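We just call them A, B, C and D in the order they show up, numbering each chain from 1.
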């Protein structure tokens, strides 16, 4: 296995992940469209390059952490780009949350250049990424998964293998984000009901997350809801809508309804229409409060 | 405090709770409409009585665990019944999940007989009740809560106090059951999406409940969903609908919509219409599978 | 058939209906809780009475137009009230929109006094009532329906018979109001979509109601939506919620979901929570506009 | 104006529309991928051509009636295709129900060849098309609209102009189809509620469509629902889902939720998953019946 890897996409998730690879001893070539974002990693020893394709070496490994289907597909489709440069025996580890359809198209496109596509989306916010507490999902060809296992081990606390299909890990990731979105909307409805009935909603959530809902999602989001911490966004509502829409698209492509996802789509859209697209997706709770006749935080029945 | 208490309602929750009171050293007078259900407790030392009112002694404490508003209100409203018998300084601990409206009406009715109403609904299935791992919510007058604290400590692993209002604990309990119902529907939608995309849904849930959803509700229900264990019911779907409807009624009385609860109401009703009212409420997942074109467990896309 | 009838409930529907009975030559004894409301009818020849029971004569006919289940049931249940006074061969024509359950209970209660209950809810707003353009639904015992046919013919443009069951006409009425509520929400969603895309929504609705939706409900409500005429209310939103809830309750009692009705319940509640309970139920469109990021009428994308 | 026009797409809508152009005296060049479908028109005097581009003459007019965005865009984008052949002063009248986004892209693409795009989607099923009872919506550049007015007058009973934007007529068409889909689901919920309560649902709908809902949509679909006529499809459910999805996509692009449309999407998908994609979209009522515990037509509570 090569000790030298490429990394494209140094946003608020990409940067701490790349940092962990450096800490694990990997030599890193890094690229970001806005080059200045590479600076902290360069200080830690990463080598900045001027073009995306320069992160790749023939037969090597490149990780990407980009925002959506279109960005990943454009980057991979560039003539003379990093996929062509990787060539035979090359592996592309895609950490982004993209659609299963895009994953399948990418796998097929990569094959033309004898590159293996490995989907490896992750659960965890930026602080979890920094602390190496992410959970990594992975799927794709067995030999390639074996080769990249140490890399995935270097960036997360656990890796979960969902088989050979290039899109499987992404389906699971989409399911997870859908489950988180539903938990947020559900908590917010319950807290608003409590508040309207004269009960301290924070105290209620505190009980829930100590007992039957004592898990990271409810604890993290439950507390943030109690404190009405909507900005800065850990995860922007506009991205949340993108992920719920990935669930709906995947479901429609599979010919099945997902009524909870449809409802979440509607509620996220209504909140974005009211100007909350850049808040944390927790802010869907503001729409629930308004529909309950409550104004800004602090109002009661 | 009296070491002798009364207990009415020895169903699949009432019986193990009463059993724990016996283990904690309380002398117990027990009553159940179907008298034969008292037998196991009588073996453990409980004293069976022929009329509900006989469980009470003046100024004493009676616990009830009954199925719904109507049953509790009828039992408490009986002329010459246990509330009249309790009289001044008497306390009625109502463990049932009832509506906040019923709780307020009961508190007022009790006051006429100088009896204090304490709402103490619990989280936990029968096996948790037996193992003393229930979480107990409580609200009502302070002095009475202080007096019954040892009793509540004897039946659960923790008690959470939501203040002086007689209905507050019930509102919290209703919020919790709503959150559980939403989690079940959400897991089932996600698992069906996974299944339709060729992914092992049980494996996916296994990952979820080891990581970001590592809490009792997701672990217990997630595994039962994976195993399609719908019978015998730990919690009957018809009771699940009752509880979701309590959330909707409480919300309507508070002038607020709860869109997730409305959706759950619809899905539970559709499954009950198909003959699943006596299955565990997990069986809402069968409706999701059918709406995805899947037949009985085992079918795939 | 008696040419003299009693009438209880002179609100904005009851008054014009009673007026048409006078015009048709009936002698009318009228009662309203707020007695002053009887004045216009008294000028037209109606005889005001001091107690509800005074409108009835033994074996005669009484019509009631009241607001809800509770009011009708209380009025009919009064000891020495108009039902007892009607007695053998008496007929009570209930024009109110009430639940099927209440209709069945009333029919049974009436039977004790040998009075026949006839359910005869009506479609039409106050202006339609005044113009005798209402459509009247009826159900109940055949002989009684035959006897009251001329009365119903005197207040509407057509009578539709739904058989012998006392509650059947009410079920149909509830279905109709549900269909109207759905049409309003649907038109409002469509008009908002048009507006957000730079299209004159009024012009669009004008086309619709001249062509494929050329019927009274779409024409009347479509124009009112275009003109944003929300006050004074022809039909108050709070009453609209009551009627949608009757549909949901009847559906739940029949073990079936009505997903559109659940959605309407949620949207009406959200608008009432924002202070629109006394506006016309058309004002649900304001909630749609807000969820689209539009402010008051006139704003665009 | 040219008396000779081209027509592409001779499906169950295109054929009767082209027939009316022949009857109105137009000379017609026709093309269909499956050439045999042109036969009936050729008998009536139409001239069949071998390639789509052959229907066009420089500066002339071509109508298309195709199934979806992709088909229209591919046909128009063909190098050396009919758009290039039309060239300066040419007009393309697109009768298909496509997305507003596609309409805007087409208008821009056409401009490169100095062709004017006119959107002219229609309301009406095949039998209405044959009887010249369609309603035609139109939008696009004024001069071109003036030139094509006689053509549109020859195929429908009325033309409604929605201004200069190339996509406006399509937005209105999408709104209309959404309103129809909602009316169908609403009628079916109401009829199922009636049926479950022992009422003759056909009789109820008969009353509705004679009175407050006396318009083509409710009359046509109401009767078909009463008769459970699901096949052959007048409008296939899969196409119905396509149109509801166009509403949802247009709404999402406009940043607004359409909760009724989301619900319709879910219900249509659930029915398609159960194998009803080729039935008339009326068959959504089968899903409602199943969710009510009713089996095939004829079952009652």
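The criterion applied here is as follows: a contact is a pair of C-beta atoms (placed from the backbone, for glycine too) under 8 Å apart; a residue touches a chain by one contact, two chains touch by 3 or more.
Everything quoted here is computed from the prediction, not taken from an experiment.
Put simply, the chain farthest from chain A by mean CA position is C.
Both chain B and chain D derive from one sequence, and where they touch, over half of the residue numbers involved are common to the two copies. It takes 180 degrees of rotation, in steps of 5, to superpose the Cα atoms of chain A onto those of chain C.
Comparing chain pairs B-C and C-D by the number of C-beta pairs in contact, the larger count belongs to C-D.
With centres defined as mean CA coordinates, chain D is found 53 Å away from chain B.
Here the CA centre of chain B is 40 Å from the CA centre of chain C.
Between the CA-based centres of chain C and chain D the separation comes to 37 Å, rounded to the whole angstrom. Among the residues of chain B, those touching two or more other chains are numbered 251, 255-259, 263, 267, 269-270, 273, 291-293.
Across the complex, chain A is touched by residues 100, 123, 135, 137, 158, 160, 162-163, 165, 167-168, 171-172, 174-176, 178-180, 182-183, 185-187, 189-194, 196-200, 203-204, 207-208, 210-218, 247, 250-251, 254-261, 263, 267, 288, 291-293, 301 of chain B.
Chain B meets chain D in the complex at residues 269-270, 273-275, 287, 290-293.
Taken in their complex, chain B has these residues touching chain C: 245, 251-252, 255-259, 262-263, 265-267, 269-270, 272-273.
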